[in-house]
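What follows are several structures.
Okay, so subunit A shows up in both of these, paired with subunit B first and subunit C after.
Presenting the complex of A and B:
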C-alpha cells in the first residue's frame, strides 16, 4: 500500500488554511509518526488520508490511482481512530465491536472481536455497557474497533490520550508489532510514543512539513545544539530555549536547545524530544 | 445489515426512555378512550369507525413525536461523534441508512401496535366488542400518512440540520391548536368529530370526502418523496 501526496493544500470553508503545498510518500510496511504542535495540520492530513476530507487542491494517490476514485477500496483496507469520537453508550463493548464488524463486512466477527479485545486488554469488560467505562477504557474500545479485521492501513490520531503510562507502553508495542507488515500512521504530540517504535517521522508545523525521514536523522541534525546548564549561570533572556528544568540540591539544572550553544552550557547527546524542540524553536524564531 | 438493524433496535427500544414514552403514550390513550371514545364521538357508538378514528387522530401527534424521537438517536451530537467511526467503514451509506430506518420503523411500529392493542383491550373489556375489520378503514386513513410524513420529512430535514427534526416534531401539536381547513381535519382531530354530523343519519358508515382523502394521499406522497430524496437523491449516511 502506498500513498503519494502531491502538492496538497487544504483550506477550510472559514478560510483557514490547514495545509499548504504538502508533498509526501508513505508506503508499507512502516510505522510513521506524525508530530507537530497543536494546529500544525496533523488531524487534517489524517482526515485527508482517510478520505473524510477532500483536498482543496493537489492530488492524493493510493497505489497509483487518485484516492477519490478509490474511496471504498481505501475504507475496506482502513482501520481508523480519530482524535475525537463517540461510541454507542447503550451497547456493550462486544455489541459495539460486533456492530463495527458488521459495517466492515467481517464474516467471522466472533474470532475477530475476541482477538482485538485481547489486544486492547478489555476481555473482562466485553459485557460491560460502554456508558460504564472509564475514559481510558473508551479509548481502548476506539483502538479495538480500528484494529478489527486486521486492516492493511491503520491511521491513529492521538491513540494514547487518556491511557496510563503502562498502557501507553503496551499500545506502543502493539502498534509496532502491527506495523511489521502494514502501514501504520500514528499522529501524536507525545514524543515518547514515537521515539522507540517509528521508523519514519514527519514533523508538521503550520501546515507544512519541517522534517520527513528516519528519527535518527532528526536527532543527528540536533547534535551540538543541545546542552545542560545551571540556571544561576545563565543570564536572563539567554539565547537558549529551555526544554526541561530539574530542581536539585545544588540548584536548578536546565536542559535547552540553541542554534549556537552559549559557553555556560555543556553539550549533551540530543534525544528525539530535544531534536523536535530544536526544529520547532528554529522555525518559530524565523 | 441484519446485525445493524438488531443493534439499532436495541439502542432505540431497549432503554428507559422508550418505556417511559410508552407509559405516557398509553396513559394518554387510555384517558382519550375513557373520556372521549366511551361516550361516543359525534353521537356515534364508541366502537364506530368515527370514534376509533377520533382516538387515532388524538394519538397521531404522539406517534409522530415518538417516531422523530427515535430519529434523534441518529442526529444528536453524540450520534454525530460516533459517525466519524461508522463513516470510515466500507459499508454502503444507502444500505446503512436503510438499516437504521428499519430500526426506526420497528420502533414506530411497536408504538402503533401499542396504540391499537390498547384500543383492542379497551373495546374487549369495556364494550365487549370485537369486529375489528370495521376499524381498518379509519386506521389506514390516519396512520400511514402520519408515519410516512413524520419519518420521511424528519429524515430529510435531519440530514440538512439536526435541530430541524425537533421543529418537525412540534408540528402536529401546532396543528392541533390551529383552525385548519376541513380537508386537513384529520390532523387536528376535527374531522371525526364534525363530519359524521353532516351526513344526516344516526351512526353513519365510514366514508371519506374527496378533499380529505386527497390531503391524506398528499401527506403519504410527500413523506415518500422526502424519504426517497434522503436516500437516493445524493444519499448520505442514514440520519
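Presenting the complex of A and C:
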C-alpha cells in the first residue's frame, strides 16, 4: 500500500488553512510517527488519508489512483482510531466489535474479535456493556475496532491517551509488531511513544512538513545544539530554550536547545524529544 | 450479502436500545387512544368504533413515536461520535440507508406485534360481525403504513438539517398540518387518512382502496424527498450543498428521486377515486339544459357488468329515441365522471360523441350527435371505476363494489339523458340486466322486484328488473330476506347475512310487525309504501336512511349490537329495534329540521314516546312505567340536579372539549328523556292517549310545505292547543 500526496492544501469552510502545499510519500511496511504541536494539521492529514475529508487542492493517490475513486477499497483496508470517538453504550464489547466487523465486511468475525480482544486485553470484558467500562477500557475498545480484520493500513490518532504507563508500553509494542508488514500511521503528542518504535517520522508545523525521515536523522540534526547547565549560571533572557528543569541538592539543573550553545552550557547527546523541540523552537524563532 | 448482514446487525443494534422498546411499547398501546379519546371516524358501526378508530389512532400516535425514535437514533450516532468510526468503514450514505431500513424493519415488527396483540380485543369488542380481512386491511393501511411515512419524513428532515431541534420542528409542523389544516382534504392528510366509517355487515374495499392510494402516493413522495435528502448526507467533511453537488454527480440518485416525485405528483393529480365536480353546489347547469325540440325517449335498457374484484363497471345502454325534428340533434348524457364512453351507435352506425370536462353533482356530460332519422336506437357502451362526489371526499365508501356489496346510483348505473324528454306520461321506462355473483341479491331501490333470469356456470347470475325514472339506484349484496305482512303492507326486509345473529337476537321481524301495525293504525301508513308493498333495506353505513316510493333504507349503524343495547332507546335490543323502526314514521316520513343538535325537539322525542306506547301495548302498563317513564323521570331529575345545569357559569370556564362532552350528554338526555316526558304531559293535558294519537295522526298526515317539510315544536304545540310553558317542568332550567 502506498500513498502519494502531492501539493495538498486543506482550507476549512471558515477560511482556516490547516495544510498548505503538502507533498509526501508513505508506503508499507512502515510505522510512521506524526508529530507536531496543537494545530499543526496532524488530525487534518489523518482525516484526509482516511477519506473523511477531501483536500481543497492537490492530489492524494492510493496505489497510483486518486483516493476519491478508491474510497470503498480504502475503507475495506483501513483500521482507524480517531482522537475523539464514541461507542454504542447499550451494546456489549463483543456486540460492538461484531457491529464494526460487519461494517468492515470481515467474514470470520468471531475469530477476528477474539484476536483483537486478546490484543487489547479485554477478553474478560467481552460481555460487559460498554456503558460499564472505564475510560481506559473504552479507549482499548477503540483500538480493538481499529485492529479488527488485520487492516493493511492502520491510522491511530493519539491512541494511548487515557492509558496507564504499562498499557502504553504494551500498545507501543503491539503497534510495532503490527507494522512489520503494513503501514501504521501514529499521530501523538507523546514523543516517547514514537521514539522507540517508529522507523519514519513526520513533523508538522502550521500545516507544512518540517521534517520527514528516519528519527535518527532528526536526532543527528540536533547534535551540538543540546546542552545542560545550572540555572544560576544562566543570565535572564538567555539565548537557550529550556526543555527540562530538575531540582537537585546543588540547585536547578536545566536542559535546553539553542542554535549556538552558550559557554555556560555543557553539550549533551540529543534525544528525539530534544531534536523535536530544537526543530520546533528554530521554526518558532524564525 | 454484506448489505444483508449489515442490515441485520443495525436492526439488532436498534433493538438493543431502550428508546426503541419504549417507542414500541407506546406504539403498541396507542390504539387505546382510539377507544378513549381520538375518534376521527364518526359512524356508529362496531367496526368504526372498535377497528377504524383504534387503527387510525395507532397510525397517528405510532407515526409520531417512530418519528421521534428516528430523530433520536440518527442524532445519537452523531452525538455519541460513533459515526466517526462507522464512516471510516462504510461511506455515510450506505449507513444512512441501512439506518432507514433498520428503522422501518423495527416499525414493521412493532406493527405486527401491535396488530397481533389487538386482534383478540377487537374481535371481542366487535362481536359476531368481526371480519379478519377487514382487520388486517384496516390495521395495515391505517396504522402500518403510517409508520414508514413518519420515519421517512423524520429521516429526511434530519438529513437535510443535521439538527434534531430543527428536524423536530419540521416533523411537528408536517404532522400538525395533516392533523389540522389538511384534515379536510383527503389527499393531503398523510398521517391520518380520511376515514369516517367502516361497515360491519358488508365489505369496505372502496375506503381501503382510497386509503391505500393515498398512502402509496405519499410513500412515493416521501421516498423521493428522502432520496434528495440522502444526497445531502454530509461526506468528506463538506457542507450540505457541497455534499449534494458531489452526490448528484452520479445520476442514479437524482433520477430515482425525480421518478418517485413525478410518480407521486402524477398519482396525486390523476387520482381515480373522487370526481372534480363543481364545488359550488348551488350551480345546476345540467338541470338547466333546454330540452331538445321534437326529440323524445320512449324506452331505455341497460346491461350492466360489475367487476366485483376490480370495483369497476362496464355496461351497454340502449335508448329508443324519436326524432321528429327532421334534422340532426345533439343529445346530452350524464355519466359518472369515472366512466368513459367507448362507443356510440345510432341505428347500428357509429356517431360522433364528445366527453365533456365539466363535472357537476357527481356527473360528467357527454354530447352525442343524433342522426335525423325519425326512429333512433342509440347504443352507448360505457365503463370505468365509478368516482364519488368531491363534496363527499372525506366520506368515501358509498359506491362500494365488491362480492359482498354493491351500490350503483343514477349515472353510475346507466347514463342519464339530460336534454331528451320522455315520450308520453311514463318517465323513461327502463329495464336493467345485471350480472353478479350468484350469492348476491339484487335489490332495486324502487317498487319493482328483480328476478334471476339466468344462472351461469361461472358462479354468476343474471338479474333483471324494470322501473321508470331518469336515474335509478341499485343495491346488491349478500343479503337475507324476510317477508313480513303488517299494517296492510307486504314488507320485504333485507339485511346482511353477517348481521343475522344480531337481527335474530333483537327479534327484528317481530319488531317490524309490531311497529308497522302500531304506527299504521295510530298515525297512518307510510307515504312510501307503494301499492301495499315496501322494501326495508339495511344498507351499508351511509350516515342515515332515506326512502323512495316502495323502498326505505335503514342505515346499518342503527342496528349494531352496541346501538341495540343503548338504554336510552329501549330496555332490550328488541325495543331498540322498535325505536329505530319508529324512525320510519318520525324522522323519515316526517322529518325534523337538522338544526341545533342541542335542541331538545328532534325526531327522538316522538320516537321514544311511540316506542314507550308500543312497549306498553305489548308488555303492559307496569312494564312501560318501570322501563320507560320512571327512568325518564329519574334522568330528568338528575338533569336538574346536575351541577353544571344549576351553575352554568362554571361550565363556560371549562375547556371546550370537556364542555362539549357535558353539553352533548345533557342535550341527549333532554332529547331522549325530557321530550318524551313532555309529550306524555301534553297527552294528559289534551285528554289522554287517544286524543294524543289523534293529534299525532293529524300531524303525520298533514299537508307538507315542501320548502320546509319539517315538523316543528311550534306545530306540535299548536296541534295540542298548548303553550310551551305548559309543558315545562317545575324546576326548569336549560343548558
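Criterion: the second predicted complex is superposed on the first by the 286 of 286 C-alpha atoms of A that agree within 3 Å, B and C clash if a C-alpha of one lies under 4 Å from a C-alpha of the other, contacts with A are read in each partner's own complex, and residues count from 1 in each chain.
One rule holds for everything that comes next: a contact is a pair of C-beta atoms (placed from the backbone, for glycine too) under 8 Å apart; a residue touches a chain by one contact, two chains touch by 3 or more.
All figures in this text were calculated on a predicted structure; none of them were measured in a lab.
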Report clash or fit for the pair subunit B and subunit C bound to subunit A in the combined superposed model. clash
Answer with first, second, both or neither: which of subunit B and subunit C does A:95 touch in the superposed model? both
Which of the two partners, first being subunit B and second being subunit C, lies in contact with A:52: first, second, both, or neither? both
Would you sort A:64 into first (subunit B), second (subunit C), both or neither based on which partner it touches? neither
Which of subunit B and subunit C A:165 touches, first, second, both or neither: neither
On the A-aligned overlay, A:87 touches which partner chain: subunit B = first, subunit C = second, or both, or neither? both
Once the two structures are fitted together, what part of subunit A is touched by subunit B and by subunit C alike? 50, 52, 72, 75, 78, 80, 82, 84-91, 95, 98-100, 102-105, 142, 145
Subunit B touches which residues of subunit A in the complex? 50, 52, 72, 75-76, 78, 80, 82, 84-91, 95, 98-100, 102-105, 142, 145
Across the complex, what residues on subunit B touch subunit A? 1, 3-4, 7, 10-11, 14-15, 78-91, 96
Which positions of subunit A touch subunit C when the two form their complex? 13, 47, 50-54, 71-72, 75, 78, 80, 82, 84-91, 95, 98-100, 102-105, 142, 145
Can you tell me which positions in subunit C touch subunit A when the two form their complex? 2, 5-6, 9-10, 12-13, 16-18, 79-82, 84-91, 95, 236-239
